[in-house]
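Pasting the structures in now, so scroll down.
The two complexes that follow have subunit A in common; it is paired with subunit B in the first and with subunit C in the second.
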Partner chain A sequence: MPFMKGAIKKDEYYVVIFGCGRLGSRMANWLSSMGCSVVIVDRNDSSFDALSNEFTGFNILGDATELDVLKEAKLDKADVALVLTTDDNTNLMISMSAREYFEVPRVVARAYDPNNIRMFSDFGIEVICPTLLAVESIKNALHFIGGDDK
Partner chain B sequence: MKIVLIGGEKIAYHLARRFLTKGHNVMLVNKNERFCDEMAKKLRAIIVRGDGSKRYVLEQLELDRTDLFVALTPYDQDNLVACLTASRVYGIERPVAMVNDPDNKAVFEKMGIKSVVSPTEILGVALEDSLFREHITNLLPSSEKVSILRIEMTDKSPILGEAIKDIPLPDESVIGAIVREDEVVIPRGNTVIEMGDVLLVLSSPTVQSSVFETLLGEV
Partner chain C sequence: MALVYVVDDELNVRRIVKKTMENENNEVHTFVTAEEALEEIEKRKPDLLFTDLGLPSMNGIQFLKELKNRGYSIPVIVISSDTSPESIRSAFKAGIVDFLTKPFTPQEIRDATELALREEDSIYKRAREIKRLIEEGKTAKAESLMGNLFSDFPGSPFPHFLYALLVAKDNPRIAIKHLKASLSLDEDFKDASTELKKLEE
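Coming up: the complex of A and B.
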């Protein structure tokens, strides 16, 4: 599987996803269809409506800032944690627990504020920053402004 | 040195009052506008309105590494980020964090935040102590690794007249001494428990409740 480059090859990866919003639910559906074993955590019951019938994993209703919820999701067994809630601080705390407390080999988190990236990466967490991604895309779309024809 | 209190309404107010009367400089940081207005009227502290887990807010506080930095919001994630930013970006030596979920204490400590206070834990211990206060005193209430308990034998105790070796105490506990009518008896396997004995028991906190049950019956 391409996203596990560099990791130990396994038949089935165990992925825990935090936040079942637009991004989390899509990732959950896709990972399920790729044959991963997926658990998704959200504190709103109605969020799980976004999961499609491709999704074959489990959902856990709970606040992931409580350590017990992370234990219930069996984070200690996870190969990958995707931390995709809409709050940077919540994502930081979940990712750090995943990394330092549960020793998850790969932790990927979303950070909206570019100022927070450093803190995530200091702890060995891979960061996706939608703000920077959008900035790059828009810059590319406006490439003519610099006068350079690309 | 100044004292910087992030979030937490009542707690922050009363802590601020306490430190102000002792002559310290106090700074309150809070997201809530109404609270900030109220505090500005009541306290001679510097009030900053904003989210204290955000770098651009902490930037304005002119933090010095010797400042006492305390995060008191009702959200553990915000307290963690505020303290990490304070220590890593502004060099604060020992930020203090409040945790709402006592289990998160271990997580904070792994991240290098060594001063972690859990009000839930403190209240829990106080309540448990007061529940059993009549016959039990925890002589070392702040320790997490060992409990030293003082337990009085009442007429309801199920072990009266029994020899120590026959008492089914959990493995991680031991009766260290018995105070009997002002004399100290160092117990042996064949020492028999009498009514009115005061037992000094060493135990791991995890087996504390089964110690109570064994020695005092249903509690």
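Coming up: the complex of A and C.
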């Protein structure tokens, strides 16, 4: 696997991000600052305003559920796809195309609903679930309530 | 280490190509316009040139023609978001080595560079060798080398031109077809047009 879990060690990865919202744009800015080649796709032109001046990648305006848009983003050459739109179903559709059709080595998607995680995982898609992350963070914040009982 | 010039009005393209080529230990200079690049080329000729087609003021095709008019033979890689068949055809007719579409990956840059430098190094040398073999009547050897030339440089006018020279005596009709193919790849290829005139007479 060219893009190993844990850390970005080379500065030449080709990363395609779907969704240029708060999360997508931040990831794009960070990956770009790390030296990765980044392509970010969104269907709303004004979303790209969230990218910083230092962003050195490419923007593609289009609907990522359309195959032509995925081809335009050269998804077949991607080391990583980050699927970060705000809709679980859209994310699943894009992620499945990335894995099955374009054979992207690593696909990381956002799923809001914890009940959807299994569907993503069944296709070898790594999932970030903001709901579960929030639950864990809140649990940690309230850790004192449990006292010594673990 | 090669001297590489990058001409593109998009900052991100200049940055990515520069970084990729510098990682391969090349010296890279970037320019926003063709005019700026030409000024620098007059002072120091690069080993390789990347250019966009949609440049402000002088466009990419005009830039390539200007390089030819000034007698420069520099391997050129076009990077463009204009992927219309007309643009690609005009660019190849103007003598480019490769055409990359935006967005592009660092690996595409490296592959195109390798192709460009290999082509610059070898096509003229190999073409000269094949021409010599044809002139000496060593046609079997020339034909065998020609096969490789066709597969290595499908976009070059040389393989068609040389094949025409090889078969001109025995089969002038086929030779004419190949000379026309050669000229469709480079309409300014004088050797091919001279040979074609001879055969048509």
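Going forward, the second predicted complex is superposed on the first by the 137 of 150 C-alpha atoms of A that agree within 3 Å, B and C clash if a C-alpha of one lies under 4 Å from a C-alpha of the other, contacts with A are read in each partner's own complex, and residues count from 1 in each chain.
Here, a residue touches a chain if its C-beta (ideal position, glycine included) is under 8 Å from a C-beta of that chain, and two chains touch if they have at least 3 such contacts.
Keep in mind that what you see is a predicted model, and the values were worked out from it rather than measured.
*Asks:* After lining both complexes up on subunit A, report clash or fit for subunit B versus subunit C.
*Replies:* Pair status: fit.
*Asks:* With both complexes overlaid on chain A, does A:92 touch subunit B (first), subunit C (second), both or neither?
*Replies:* First partner only, subunit B.
*Asks:* Name the contact category of A:115: first (subunit B only), second (subunit C only), both, or neither.
*Replies:* Only subunit B; A:115 stays clear of subunit C.
*Asks:* Which partner does A:39 reach: the first (subunit B), the second (subunit C), both, or neither?
*Replies:* After superposition on chain A, A:39 lies in contact with subunit C alone.
*Asks:* Now for A:58: first (subunit B), second (subunit C), both, or neither, which partner does it touch?
*Replies:* In the superposition, A:58 touches subunit C alone.
*Asks:* Is A:28 touching anything from subunit B or subunit C once the two structures are fitted on A? First, second, both or neither.
*Replies:* neither
*Asks:* For A:125 in the superposed arrangement: first (subunit B), second (subunit C), both or neither?
*Replies:* So A:125 meets neither subunit B nor subunit C here.
*Asks:* Could you figure out whether subunit B or subunit C reaches more residues of subunit A?
*Replies:* Higher number of touched subunit A residues: B.
*Asks:* Looking at the overlay, what does A:74 touch: subunit B (first), subunit C (second), both, or neither?
*Replies:* After superposing on A, A:74 lies in contact with subunit C but is clear of subunit B.
*Asks:* Look at the superposition and give the distance in whole angstrom between the closest pair of CA atoms, one from subunit B and one from subunit C.
*Replies:* 17
*Asks:* On subunit A, which stretch or stretches are contacted by subunit B in one complex as well as by subunit C in the other?
*Replies:* none
*Asks:* Provide the residue numbers of subunit C that touch subunit A in the complex, in ascending order.
*Replies:* Per the touch definition, subunit C meets subunit A at residues 11-12, 15-16, 19-20, 23, 102-108.
*Asks:* With touch defined as at the start, can you tell me which subunit A residues reach subunit C in the complex?
*Replies:* Residues 11-12, 14, 35, 37, 39, 55-58, 60, 73-74, 77.
*Asks:* Quick check on the complex: what are the subunit B residues that touch subunit A?
*Replies:* 53-56, 75-78, 80-81, 84-85, 88, 101, 103-104, 106-107, 110-111
*Asks:* Taking the touch rule as given, give the residues of subunit A at its contact with subunit B in the complex, in rising order.
*Replies:* Touching subunit B from subunit A are residues 65-68, 87-90, 92-94, 96-97, 100-101, 113, 115, 119, 122-123.
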